[in-house]
Structures are given as C-alpha cells and as structure tokens.
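Each of the next two complexes has chain A plus one more chain, namely chain B in the first and chain C in the second.
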Partner chain A sequence: MIKLYDYELSGNCYKLRLLMSFLGVEYESKLIDFYPGNQHKSEGFRQINPLGQLPVVDDDGLVLRDAQAILVYLASKYDASGKWYPRDNPALLGQISQWLAFADGITATASAARLHDALFYTQIDVDAARAGANTLFRILDEHLYFAEEAGQDWICPGDHPTIADIACFPYIMLSEEGGVSRMDYPAIRRWCDRFKRIPGFTVMSGVFPAGPAVSGSIVSAA
Partner chain B sequence: MSCHDRILLDDWHAVADLEQLKSGAHLKTELFERVLKVSIQPNGMPAVTLCAEGRDLPVQVKYGFVWTSLGTPDRGIIDIPEALEADRYLVSGGSFPVKVSGLRVVENFLDMGHFPFVHTGWLGEEPHTEVAPYQVELTSDDEIIATECFFHQPVASPTADGGIEVEYKYRVYRPYIVALYKTNPLYPDRMDYIVLFIQPVGPESCVVHNMLCYIKEGMSEPDIRWFMQLIFAQDKPILENQIPRRLPLDPRAETPIRADKVAILYRRWLRDHDVNYGAIPAA
Partner chain C sequence: MTTDLQSNWYPIASSSDLPKRHVYQAQLLGREFAVWRADDGYVNVWENRCLHRGVRLSIGINNGTELRCQYHGWRYANRTAGCTYIPAHPADAPARTICNNTYPAQEAYGLVWAGELAVGELPAIDGFESATVLRPVPIMAPQKMVNQALLGYAWDDTCESAENSDGSVTITATDGSAVRVFVQPVDSNHSVARALYNRKVAGEERIALLKRHSWLMQELRDRTETQAARQETPAPYEPVIAKVSEDLVDIPAISVDGRKADLRVQVARKEMTADGIASLRLEAIKDQLPTFQPGAHIDVHLPNGLVRQYSVTNGPGETDHYTIGVKREPDSRGGSVAIHDTVGEGDVLAISAPRNNFPLRRDAVHTIFIAGGIGVTPLIAMARALNAQGLEFEFHYFVQSDDHVAFKRELSEFEGALNIHKGQSPKETGETLTEVLANPGYARHVYICGPGPMLEATRQIAADKGWADEAVHFEYFKNTTELDDSNSFEIDLARSAMTLTVPAGKSILDVLRENGINMSSSCEQGACGTCRCGVIEGDVIHQDVYLSDGEKAEGRSIMTCVSRAASNRLILDI
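After this line comes the complex of A and B, so read on.
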C-alpha cells in the first residue's frame, strides 16, 4: 500500500490526500510530528527526504518527495480515466505544469504567511509573503474570471478538474490563517466552492465543506 | 489597551513550552502587550525579562511550561493531580497563536453545541445536535464546574473505535485557564484530561498552550498530538472569525440558550472578578 508521510495541518500533504480520495486509492498515513516536534528536520527523516520537507510517498519502494511531483506520479499511475493528468495532450500538460509551478509560488507566499502567523515561523517576512500571495491571487482570480466567461470551471481548459486545481487549492483555502483575505477575489471564491463539490472531496482541519449547491434552475432564474 | 485587571496581572501565566524554548535557546513573546524575552540561562533554568524595562520577572517551570507574572502573584500555579499520575502521558499538543481574545477560546472550549458543526464526524455529527441539560456550579474554591455533560461522539479520542456516548466534566480554574475531563474509551470509569493554559498576548490575541493527560494504555504520544491538533485546527478559523473578537460581558449581549449555561456563569464570574482584559465590559 502507498505510504504517505503525513502531517494533518500541512496543505501540501492535503493535496495528496485529496487526489487519493478523488481516485479512491487506499493509502496509509505515517504521521510526522512537524509541529512542535520538528520531526521532518530530524536525522531519521532526512534519510527519507534530505530536504527535510513533507510530503513524501513510498509506493512499493519508489520514494518521491515534492507535492506537485507526487501529484503527477499518482495521477499518471492510478487515474485510469486519464482526466486529472491527461498524458496524451501536450498543450494541456504544458498548462498544467505552468500552474503546478504557480502553486509552488502560493506555497512560498500564502503558506509562508500562515506558518508565520499560526506556527511561530517568526523569521519569515510576513508582509512580503502576504503581498506576494495577493499578487498571485490577483493573477489567478483574473484567469478564473475569464475561464468562467468562456464557460470553463477549472484552472486548465476542459470539462474536468486537473491536478493543477488540486495543487492550488489548499493554501488558497487556508490563506486567512496567514492574514490573506479572499474577499477581493470573487472568481477564486466561486472556484473554491466548485472544487469542494468534486465527488470524493475531503476536508482537512481549517477547511470546511461547501454548503448545499444552488440548483441549476435557481441560477438560471436569477 | 493595557491590562489593569489586578487578578490577571498578579497571576501566573504560561509563556513558553520548555521543550520548544530549549530547541531555540530564547524567544520573544508578549503578555498583556508587554514584550518578553524568554531565555535559558547557563544553569539550564529559564529567565523572563520584560524588554521595555530590562527587568527580570518571576519565573517558575511547571507542567513543562515556563510561567511568569507581571505583578506580584498572591497565589500559586494551579494544582493538577492528574499530571502526576504515573499511568498518564503528560504531552503538549503544541502552542498555537490565535487572533481572538483568550476568553473567547475558553468559552468555545466549554461549548458542546458546536461539536456536530465544527468537528463533524469526530466530536459530533448531525442530526445528533441536542445538548442535553447539564449541571453547573461555582465551587467553594471559586472555580466553575460543569458536570453530567453527555454527548454522542463518532470519534471521541485517538483510540476511539466507533461512536460512544461520552461524558464530559468542565472546569474553569482561572479566567484564562480551562480544562475538561472526558470518558476514556478503554476505561469507562476513568477520564482523560485536557487543560488549556491561555497566554493573553493582547485583548484580541492569545497563544493557546495545552497539556494533554491521557491514560497511556492503548495510546501513543504522536496520536495524542495528532488528535489535539486535528480538533484545535478545526476550531481556529471559527474562533478567528468571531465578531467582536473580545468577549462581551453584558448579559444582554449574544443572547444565550440553555446549552450555554456554563458560559453564562463564566461571563458572570468574569464580571464579578472585574476581568475586563479581552472582554467588552458590561455597560
């Protein structure tokens, strides 16, 4: 069985829990005491990941680090439908990769601000982190607005979400814990609600499920 | 707004987890908006300095935390016999900063009504939302005790295997210190114990230190920590979205219901003790 080196409050670990839940893939969580134990920086854990970071998966001896890399691997291996990471569509793969890199930027900004505010990472320049997060959120909000105008629900074109949506979701959803409000990003907020309604969606602490969906007829009447 | 409440200034407050402090040697923190430096001296004992005045404050180490006071403490740190029982763990679930008054955190801790909605699938689930009547009293030691609190919980503890009817007992020791006793799924006649030592950073911000005294049998320390953080991180965004961030003490504010019996007494007790820091005083 897949082993996920996991920490409940990590948005990067949550990305993998989300994908495996969407795909119905069974896995076993190996809990790492990230805070306050700092176990991810321990000698023992650095044998597994020399970077001292979560998440890591071990799938039958294949050990991988980096949430985005693991999303690519798991979707390629376990998604029989090929929709989360369409390997035969170069244009889409390029766009997915672009937004996976963007998600890393969200981690470096919105997640950093959250670490500062919520877990005593006092060395982080929180003003710079929040400003960086707002810059990225503005770009994504505009992108999603124009996608909606074109009849698209997800970050990348097509009628199905991709791992790009999964990669961007957690640290956007947790941004308020780092003092980054989503008030000014209505298209992001609508996308978050759509994301929460994907069958198999699961929460983590700090993320709540969507309310009941408004039925289509009410939307069209309005 | 600085703190003028003698009962708070003359009390002991946890300001650092000793293990955390040792890993970093020193840290800056705040108590009632006063900046403190907490450090480890060469002899291994912690020291707390009030930065603005360069003055050393009284220090005690208890329950794995560094405690200090800005005033002249006229009573000791609370006594917790459960912490000394050999068959219990004594674990910190980690200290967490929360952008809301610590008094709000206490009141949320005392509340069972939110279990099905905030801790869905863990400490409660719909449609089992009713909070049955329970008992509340103010003891001769001036503590608030709530007893006969029963709630059906799907996953009540790190070792729970399926839903059980849980009995809680709540206890408010001091304005910013609150604890609960809760049925242990393996030993129905014994209770696990969780206490929050809340550090008032400002009137609308705090650090929640906690100590978990779970019965060891069938339990591991990482699981205890995981469960505590899982639950607390569900509360955190709810707490940080409470408006106002301070706790209103006017009896007409935030109309209570029957399930809030213990909160009603808590607010009255705060009024009676002239606790205003972190509160909106009654008119």
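After this line comes the complex of A and C, so read on.
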C-alpha cells in the first residue's frame, strides 16, 4: 500500500490526500510531527528526504518527494480515466506544468505567510509573502474570470479538473490563516466552491465543505 | 461614524458574481457584507457575521432558501435574515428577535448596488440601458485617487473623459462607444473599479472588449497603487459594529406584547385547495414579513371584528408571503364564513406576527405526523422543514375523500413519506393509528393536529402503546371544554409584586390587563398556548386543551385566559 509521510496541517500533504480521495486509492498515513516536534528535520526523516520537507510517498519502494511531482506520479499511475493528468495531450500537459510551477509560487508566498502567522515561523518576511500571494491571486483571478467567460470551470481547459487545480487549491483556501483575504478575488472564490463539489472531496482543518449545487451539478452556473 | 457617503448607492458586485448557492464577500466603507442570491433570485446583503459567535457568514452555506453558518449551524432566512434554526436547541423555536442586519440592495444594469443608509431608487444611468458589464478591478488606493486616475483612461486617441455628478467617470470615443466607471470605496485605501460598456456585444468581440478593459485597468491600477504607496495611508474606516447580544443563547425570548395586529397583508391569491377549504396567499404590503418557525400560527383580524388563528404552511425560507388554509365550518361563529364569503383577492387584512406554540424538534431520529382534515396545515410546514434538512419522517393524513385533500402540490414534496387515509370510520382510523404508533422509541416523536375526538383518540392510543408524554405533541383548533368561571380567588404576582382579585365572570388574563400588565394572548379560549404563565404556588383548575396531561398534573403552568385557581390563592411567575 502507498505510504504517505503526512502532517494534518500541511497543505502540501493535503494535495495528495485530495487526489487519492478523488481516485479512491487506499493509502496509509505515516504521521510526522512537523510542529512542534520538528520531526521533518530529524536525522531519521532526512534519510528519507534530504531536503527535510513534507510530503513524501513510498509506493512499493519508490520514494518520491515534492507534492507536485507526486501528483504527476499518482495521477499517471492510478487514474485509469486519464483525466486528472492527460498524458496524451501535449498542450494540456504544458499548461498543467505551468500551473504546477505557479502552485509552487503560492506555497512560497501564501503558505509562508501562514507559517509565519499560525506556526511561529517568525523569520519569514510576512509583508513580502502576503504581497507576493496577492500578486499571484490577481493573476489567477483574471485567468479564472476569462475561463468562466469561455464556459470553463477549471484552471486548465476541458470539462474535468486536473492536478493543476489540486496543486493550487490548498494554500489558496488556507490563505486567510496567513492574513491574505480572498475578498478581492471573486472568480477564485467561485472556483473554490466548484472544487469543493468534486465527488470525493475531503476537508482538513481550516477548510470547510461547500453546500450542494443546484440540481446536484458541480458547475456554478446561475 | 456616520458619513454622507453611507447614503449613496455603490455597486458592490456584478450580477454574475452571484451564481446560485454561492456566498459572495463584499465590503463598503469598511463594513463587510455577506451577499447571496436565493433560488428565487432575491439578492441578500447582510452584515458579514453570525449573530452567535461572530463568524463570517461569507464562508457559510447558501442552500437556496437559507444561509447556514459554518460554525454552529445557525440558519438565517432569505430576505428577512431572521434566524430559523439553532442546532444546539433543536427542540426550541428561535426568538423572532434574532435577526441579522440587512442593508438596502438593488440589482440593475448588471450590477448589484448597496448602501448602508441608501434610500430611494438608484438614479438612472442614461445611455447604459443595454450595457456590457466589464471585469471589476480592485485597486489599493483611495476612491478619490482612483477617480482622478480614471480621467486618463483611454483605449484610443479619440477618447474623452468627464466626471459625473455622482463621482463616476465616463469615457467616450468619437464612434459613440463609452465606458462608465464607478468606484466602490471598499475602505479608505482600497477601491474596486466597476465599469459598464454602453453596448451589448457577444462572441469574440465581447472577449476582446473584456480583455482590453482588464488590461487597461490593470495598467491604471499599477500606476495608481504606486502613487498611493508614496502617500501616507489614510486611517481605515471604522464602521460601528454593534455588540452581539449575550442573551442570544437564551431562547426563546419572552414577548411582552398583547393581542396586536402589527402587520398589513394583501390577499394575493385565494383559491379552493380542497372541498370546503380555501387557501390564501398573504403578501406583505411593504417591507417583509417576519421569519416564522414551522408550526407557527398568525392571528387574522377579520372585517367583522373577529380574530382567528391560522397556521402558516410555508416551507423554510419563504418569507415573502404566508399561505394559510381555512375550512368553512358548518357551525361557524362567523370566522371561517367571513373568509370564505367576504374576503377576496386584493383585500387588505391585519395580522399578528407569527407565534409558535407548537414547536418542532429537529433532533428526532424519526418523526410521525398525524393530520386530520384541516389540521394538516401546521404539519405541512413542519414536514417541509424536515424534508429540506433531509431528516426522516412519515406523514399520515386522514381525510373523508380525495376531494378533501388540501395542499396537494406541497404534499407531493413528501413523496414516499406521505400516506393518505381516505374515508375511514372512527373504528378503522383507530386501527390505522394503532399500526402507525406501534413502535415508540428513543428520539421518536409524534405530532398530531386534527378534530378534537380524533386527537383524543390518538393521544389515548399513543399512551396505550407506551409513548412518553414528552414525545407526543399536539395542537387543538379549539377548546370545547365547558368553561366554569364562577369562583373568585386572589393572585399574587411574584415579579410584579402585586396582589389582585379575580372575581367570578372574569379571567386571570382580563384582570392582568385591567391592571396594566401586558400579557400576550392569541386564541383566548385555551387552545393556542400564547398566554401561558408559570405557577409558583397554588392548585390550578385547568380548563385548557394546550397543556399535556403530565404538565397539568405537574401544575407548574397555567393558561391565564381560561384556567383558574382551585385554592384561594395562586402565586404566578409574572
């Protein structure tokens, strides 16, 4: 069975819990005490990931680090529908990779601000982190506004969400814990509602479920 | 702090920002709003906090008719923002006074407009009757600075800009195309530029227009934010945030009004819903109707001076009208006949605010409704509330024949839970009820409403089958007890520190009123429960049909309109 080195409050670990829940893949959580235990920097864990970062998965001996890399791997291996990571569609793969990199930017900003406010990472320049998050959110909000104009619900074109949506969702949804309001990003807020209505969606601390859409669809059309 | 700015209308959202089942977050002059569109299309603009613990309602759930707080599940009704349900007190109806702050709102020109103290109609925006709403762009700068910058907005060399009297800016090109930009003051250093284009465009032309505007505004935003950053940041607005009342957890509040008819409603529709039963749709003449709880009734003041109680049949969140059902009583004293023969569509009636003396528990694992004839009305509202929450129930409706089935459309919502028993003799009814009530159990509850004899029989069968008194809830239409008011006695009012004498021929309620004690009442015949009062000492002759046998034996409550003292003196908790 897949082993996930996991921490409840980590948005990056949450990305993998989300994908495995959407796919119905069973896994075992190996809990790492990130705070206050600092166990991800322990000697034992650094032998698994020399970067000392979560998450890591161990799938039958294949050990992988980095949430985005693991999303690519799990979707490629376990999504029989091929919709979360469509390997036969170069244009879409390019776009997905572009937004996976963007999600790393969200981690470096919105997640950093949250680490500062919620988990006592006092060395982080929180003003710079918040400003960086707002810059990225402005870009994503405009992108999603024009996606809606084109009749699209998700970050990448198509009628199904991709791992790009999963990679961006957690630290956007948790941004208020780092003092970054989403009030100025109505298109992002609507996308969050749609994302929460994907069958198999699970929550984590600080992430609330959405109510059902009209007539049971996940699309938000008025 | 109140400013002139608060009486202006500002756009706070595009209409397309409010898809169904979504909650939009907005802010105007420092005050946050939770904005949501109900399934009936109504746009609610509310203060963005739950009255309970202050959590933002913008993270709540819009279920189409109500907004539910994520924290402890308090629910607030579309339009009125009245609290309809508190999960921690599932057996109680929330007090009518628990109501969130709502703000004036209008939807026009594809935008949603609000103003904390705005009144009157939104001024016409000439030339933009058929407009395209452009993408709103937030700008971290004061409203005035953004307005100033907008004078430089141009998409070609022919553009000319001018400020309008309302502060908005119109940019016009020589080909007649124009953009009008309104700046929403989110806070002292935070604005959103919301713009209209004076033509409807579609397809690729629309996308090109939206992209052009989005780009121009972002360029303008970057310049303006650079300018704003060089200046001292103005102090944020400080909207007055009223303290959340501590007593909001004590429910329900005791109302101290007498028999009042504060509301005026118009009969919007009157139709025969079954043989001898009229349904009346009552709509507010102005403003909105108060929130009601399932099981609630209203007093209807009739043109002939009579006052009658009718249950509200509406489903949760329907607050723009009340629908009641009225049966023509063969031995009517004038109430039902007046409604059937005299009251017509368009007539104005005086009604009381809804009162709930027949509350519905929502913590039951199974609920059984037993309706006889017109007694179906309060139970329809209750079952609709449970149905909306996905809670389990069964609905038994005893009628003479198919022609006597009222509110068929509403009943059809209950699908498999509905059992209509037609034309049963009293003996057959008894057998059916014995079957229906065969299994009492933990958190199983029965609600009964119907004619007196059927109610008596049902209560007896429930008792025989082992149902606990607290699990059997009932409401009589009227009290057929022969009232005896021949004795005289004293009442001590513990809270008011008064001793009064109740003479033969007068009720406790009459004597209280004569002495300036304001006591609510409704039916004044011992059936509705509104004039209930606590008894601290003394024995009571109960002559009402509201209290259960257990409550009567306990002797802790009295219906002041009909019941009297068995001893010389009663000490009342009033």
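Note that in this section the second predicted complex is superposed on the first by the 213 of 222 C-alpha atoms of A that agree within 3 Å, B and C clash if a C-alpha of one lies under 4 Å from a C-alpha of the other, contacts with A are read in each partner's own complex, and residues count from 1 in each chain.
Note that in this section a contact is a pair of C-beta atoms (placed from the backbone, for glycine too) under 8 Å apart; a residue touches a chain by one contact, two chains touch by 3 or more.
All values reported here derive from a predicted model rather than from experimental measurement.
Student: So, A:His160: does it touch chain B (first), chain C (second), both, or neither?
Tutor: Touch status of A:His160: no partner.
Student: In the overlaid three-chain picture, which partner chain does A:Lys3 touch, first (chain B) or second (chain C), both, or neither?
Tutor: neither
Student: Using the superposition on chain A described above, determine whether A:Asp193 touches chain B (first), chain C (second), both, or neither.
Tutor: second
Student: Classify the contacts of A:Pro36 with the two partner chains as first (chain B alone), second (chain C alone), both, or neither.
Tutor: The first partner, chain B, only.
Student: Touching A:Pro212 in the superposition: chain B (first), chain C (second), both, neither?
Tutor: Second partner only, chain C.
Student: After lining up the shared chain so the two structures overlap, which partner does A:Phe120 touch, if you call chain B first and chain C second: first, second, both or neither?
Tutor: In the superposition, A:Phe120 touches chain B alone.
Student: Looking at A:His143, would you say it contacts chain B, chain C, both, or neither? Reply first, second, both or neither.
Tutor: Neither partner.
Student: Could you pull out which residues of chain A sit against chain B in one structure and against chain C in the other?
Tutor: On chain A, the residues that contact chain B in one structure and chain C in the other are 208.
Student: Applying the document's contact rule, which stretches of chain B touch chain A when the two form their complex?
Tutor: 17, 19-20, 23, 27-28, 92, 94-97, 99, 120, 222-223, 225-226, 229-234, 236-237, 240
Student: Could you list, by residue number, the parts of chain C that touch chain A in their complex?
Tutor: So the residues of chain C touching chain A come out as 13, 15-22, 24-27, 32, 37, 39, 58-59, 61-64, 68, 70, 135-136, 138, 186, 192, 206-207, 210-211, 214, 218.
Student: Going by the contact rule set out above, which residues of chain A touch chain C in the complex?
Tutor: 138, 142, 145-146, 149-150, 182-184, 186, 189-190, 193, 208, 210-214, 220-222
Student: Please name which positions on chain A make contact with chain B in the complex.
Tutor: For chain A paired with chain B, touching residues are 8-9, 31, 33, 35-38, 117-120, 122, 176-177, 204-206, 208-209.
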